[in-house]
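Two complexes follow with subunit A in common, the first pairing it with subunit B and the second with subunit C.
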Partner chain A sequence: MSSQAVLEFARGPFFYFALLFMLFGLAYRLFSVISLGWSKDRVVPMGSKSKGVVVTFLKAFLIWPFIPWVKNTFNRNPLIYIGGGLFHLSLFVVVILGTPHMLVWKSLIGLGWPTLPLPVVDWMAAVGIIAMVILLINRRIHPVLKLISGPAEFFAWLFVFLPMITGYMMTHHIGGSYEALYARHMITVDVLMIWIPLSRISHFVFYFFSRAIHGQEFGKRGVAV
Partner chain B sequence: MSTTEKAMEAFVHETGGWVAAQLEACTRCGMCAEACHFYQATGNPEYAPVWKMELLRRAYEQRFTFVGGIKLSLGLDKPITDEDLAHWSDLNYEACTVCNKCSMVCPMGIDIGTLLHGMRAGLAAAGDVPADLAAAVTKQVNEGSPLGMTSSVWDQRLEWVADEWEVEIPRDVKDATTLVVFSSIEVMKFPANVAAIAKILNKAGEKWTVSSKAREIVNFGFYEGSEEHTKLFLNRVLDGAKDLNVKRIVVTECGHAYDALRWHAANWIPEASNFEVIHITGVLGELIGSGRIKIKPGFFNDGGKITFHDACKIQRKGGHIQEPRDILKVLAPDAFIEMTPNREESVCCGGGGGVIAVKAADPVRYASFELKIDQVNTVSAKTVAMTCSNCRLQFTDSVDHFKLDWKVAGLSQMVADALEE
Partner chain C sequence: MPDETIKQGLAKQGVSRRDFLKLSGLLAAAMGLHAAPVEASGLPVSLNAPASGYQEQAILHAIETKQRLPVIWLEFQDCTGCTEAVSRSVSPSLGNLVLNTLTIEYHETLSAAAGFQVEQAKKDAMEKYAGQYVLVVEGSIPTDNDGAYCVIGGRSAVDILKEAAAGAAAIIAVGNCAAYGGLPKAKPNPTGAKGVWELITDKAVVNISGCPAIPEATTGVIAHFAVFGTLPKLDKLNRPLTFYGKTVHDRCLRRPFYEAGKFALSFDDEGAREGYCLYKLGCKGPTTYNACATIKWDQGLSFPIQSGHPCLGCSEPNFWDGGGFYEGQSAPLDRPTITAVGAAIGAGAALGIGTALVNQSKKKAKKGES
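Up next is the complex of A and B:
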């Protein structure tokens, strides 16, 4: 099969299959969690639950990833904070603010937005890749991370890393024809989308639950989140 | 039913959507380890909070998730064994005070402390509770108190406190406004605290009472994680309150008991919502704030620096963070100094959550207290004030163990000493 044919498949039927698999998989995961039931909290609050929720989300979005020293555990483990923060920032810049990706979003949801110049996005991509490598090394040597990591954590890392590295290679024309590079990138993206609902990469869905719960629990006690 | 099945059932019972959503949110980043005083003190990776709740996660995934079911049938995950339960019993009862500091640093905001309580529920259902903790629970079931404060002991002790400190302690007064339920730690080990609280409430002209039925606020069932025992002990307090027809229940200087009665009871026992539940710290703030009692400004200014230790269940999980500071700023405006970190990010004393009742936990309990020693010494405080008798027990025991020259003080006692006549 020619690179062109592989590319057609990877950005055609395989892409749409993976996308639907991801969306239905996540919906199923969400449904199975919610269907376990939610008991009503009858405890009389001392502070405002909703205020707690709003503040915790604001803090998490605005402060957490970028000003990590607000939490004093930062100095005990700066690597996870900086590495993890930069990785997510890189992801956001590349996938949302990179021109080629914005065009994909536009074709899917019909909405476009201004993007960042290529060199900025490119540097951020490199930062993300380096952060991923450092985080993996850290996961292999940090005693706690070694203990709590198994094949699931390794596969999750791998399936996120592959689209990043193939995307970077594609931008810089390293390792083959444009079609071949593009095809490789698309296949790894498709695999990632399939892997998301099967793994903990889906944390971005449940994040909204746990963060809201955090806000409620601290808010109802009148304690700063 | 085998013990593992009992544990699984309890784990599953804990797994409503509320727990499941949080287990699903965990990215296994391991950051919670850095918040745990037991991990900080020992470096033992098994003390990472995420690892302490591993069985809860495995039980949930195996039973409720598609991927978990497949992993189990392919042999990629193993069913939970008796050995697992025994091992995690050690981790959870010896090296966790359920202080919930981990929740403060979790990037996902997971309420890890509550999930760890869920772990205890499973372990308690399987009977995997340390022998000394289990014995204390049995004692509370049979005698009404884990410290052997039977009805007659309680009677004699209160009589003695009233005599010794020349203070009136109203008993079983029907239709009183406030029911005060002391912990046996105070009645048996810190009786001056009982006298202090009586003195303050009398001075304020509060219509209060103690109850011979609701005489123990400590809840070892909550330490253990058994819902059955927790409810039994909560009901004793609520029944006493109902009999005397009081409006509110004041929990004295006990953290876990306050957490159970204030923040959980209403979800287990609907009648609990009939009473206002408040911690003595809140009462002190209220009485001083409204001017119903007056304290002598600067009364503790001259005895060296005073710092305040925030208890996990009364401050971080209880909300009474500001009152003690407002009071100490009046009592010792020049001597009061804050530790870092403090308030809701305070470092746990290391003795809560029943840990101090477990002999096997002694080495890690003392090791984690060294973090507290560093904190206190950094601000060169000579007195450490607190609002929790369980912290105070850990402090007095550790001060003795490490031969420190600090004074350990209960806030109520300080307020009582500084009362304007």
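Up next is the complex of A and C:
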């Protein structure tokens, strides 16, 4: 089977299946939790629930990332905070602001946007890859993380790392012809999409729901977020 | 006539020794031999000796001693574009001289004769030069309904191809249709079109893909066989490495703009006028192996990307189904419709709600028990 044929499969039917499987799986998980229902609210609210939701999101995106030292999470383990932060930033820059990825979005949702120059995206990808490696080493040597890390954590790391490293190799034409590298990248992306609903990587969707629920809870109780 | 050597034929036409030497050099260049080591070119040992490492001399020797090469050129589901390209392509000196090394015994478009006459001529040529002629195929071969979609002289394309291939010394598929099925094979492939190498499996088929094939690649390979009696080195898709060794992207004059992230976003914006990279306009250069960016077209005048149009990827198999021509290459080939997306999410949601309800009722039942 030629690389071109593998690429056609990975960009074609395999991508199609992976995308629908991901949407199916995410919908299943989301609704199976939401439909469990909430316990009855017997307390008089001390504040606005919707205000709590808005404030919690605004703070999470606009305030805490820029003054992290106020938070305990940062003070207790700055490596995870910085490494994790850079990794997520890298992912955002590459997947949303990288030209080839924008074209994927454009083909799927019919909407395009300006992108960053290749060198910028490329450096951010390198930052993300390095951050992932450091975080993996940390997970392997940190006494507490070691105890709570099982196969699920390492699979999640692997299935995210593979598309990143194959994408980087593809950009730099390392390790084969362009279409072979492209095929490898697409296969790892398809595998990741299938793995997303089966794992905690699904937090990129569920995060917003859980954050909103926490927010409204905070708002209701009048807690300073 | 094939009985005289190529050199004798040239001498008859008043080609001087000087022009003859030029031809040898030109042929070496056309075949890309100047850059290839002797071993890599697939030269037979007998030709290696007089060459002493110099390809021009090997060609010289071959032209002096070899007879003209009979060629049978078949056309099936084609548009004659590859013939057009070859016939009016190259610089006159190269074109005329390369054609002087051949005798085209059968060609539906170029033959003066027609009907039974020309079919008889082909039959005679195949008998006379059995095992010696080069078979060039243009156009794909329909295989559905016993090949009924392309019938010449009452016989199907499959039959004609197999008969001609049996006695051929070399088979060259010119153009994407003959090589990989091309346009006729595009989804849903109503005629069951196939490329030559899918049908002829007992002999090597050289694929000169492209839409049309770059004429210099076609003539270069035929000349290679005429001179050396061997086929050039091929890639995995049976394309000669000399012409298909690098991607269009690798040799593209707009490549620096790709690296710098400077793209044309439409065909008439500032980027397009500045000659920026056409990747965002759907250029398939990165995965397309062809010599467009180096040999170019019309005597090296230009090629699509140079004149502002993205590469369509016409030298790759299934390029008609390889995504929209003006859509980014990274775009997926099969995209779910909104209905399919809705169905997937709906099914997931329904299953999720169902599971939750079942769990709830189980919980209630448990409470009731206790």
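Keep in mind that, in the parts below, the second predicted complex is superposed on the first by the 218 of 225 C-alpha atoms of A that agree within 3 Å, B and C clash if a C-alpha of one lies under 4 Å from a C-alpha of the other, contacts with A are read in each partner's own complex, and residues count from 1 in each chain.
By definition in this document, a contact is a pair of C-beta atoms (placed from the backbone, for glycine too) under 8 Å apart; a residue touches a chain by one contact, two chains touch by 3 or more.
Because the structure is a prediction, the values reported are computed rather than measured.
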item	value
First, second, both or neither for A:32, with subunit B first and subunit C second	both
Touching partner for A:108 - first (subunit B), second (subunit C), both, neither	second
Partner chain(s) touched by A:46 [first = subunit B, second = subunit C, both, neither]	first
Touching partner for A:119 - first (subunit B), second (subunit C), both, neither	second
A:143 touches, of subunit B and subunit C: first, second, both or neither?	first
First (subunit B), second (subunit C), both or neither touched by A:60	first
Touching both subunit B and subunit C, residues of subunit A	28-29, 32-37
Complex interface listing, subunit C residues touching subunit A	236-237, 247, 249, 258-263, 279-280, 286-287, 316-318, 321-323, 327-336, 340-341, 344-353, 355-357, 359-360
Interface residues, subunit B side, partner subunit A - complex	15-18, 20-22, 24-31, 33-35, 39-40, 43, 45-46, 48, 50-51, 54, 64-67, 76, 103-111, 114, 262-264, 266-267, 270, 273, 276, 315-319, 321, 340-341, 343-345
Subunit A - residues contacting subunit C, complex	2, 4-5, 7-8, 11-13, 15-16, 19-21, 23-37, 99-101, 103-104, 106-108, 115-121, 177-179, 182
Residues on subunit A engaged by subunit B in the complex (per definition of touch)	28-29, 32-39, 41-44, 46-47, 56, 60, 64, 71-73, 76-77, 80-81, 84, 142-149, 151, 153, 198-200, 202-203, 205-207, 209-211, 213-215, 217-218, 221-225
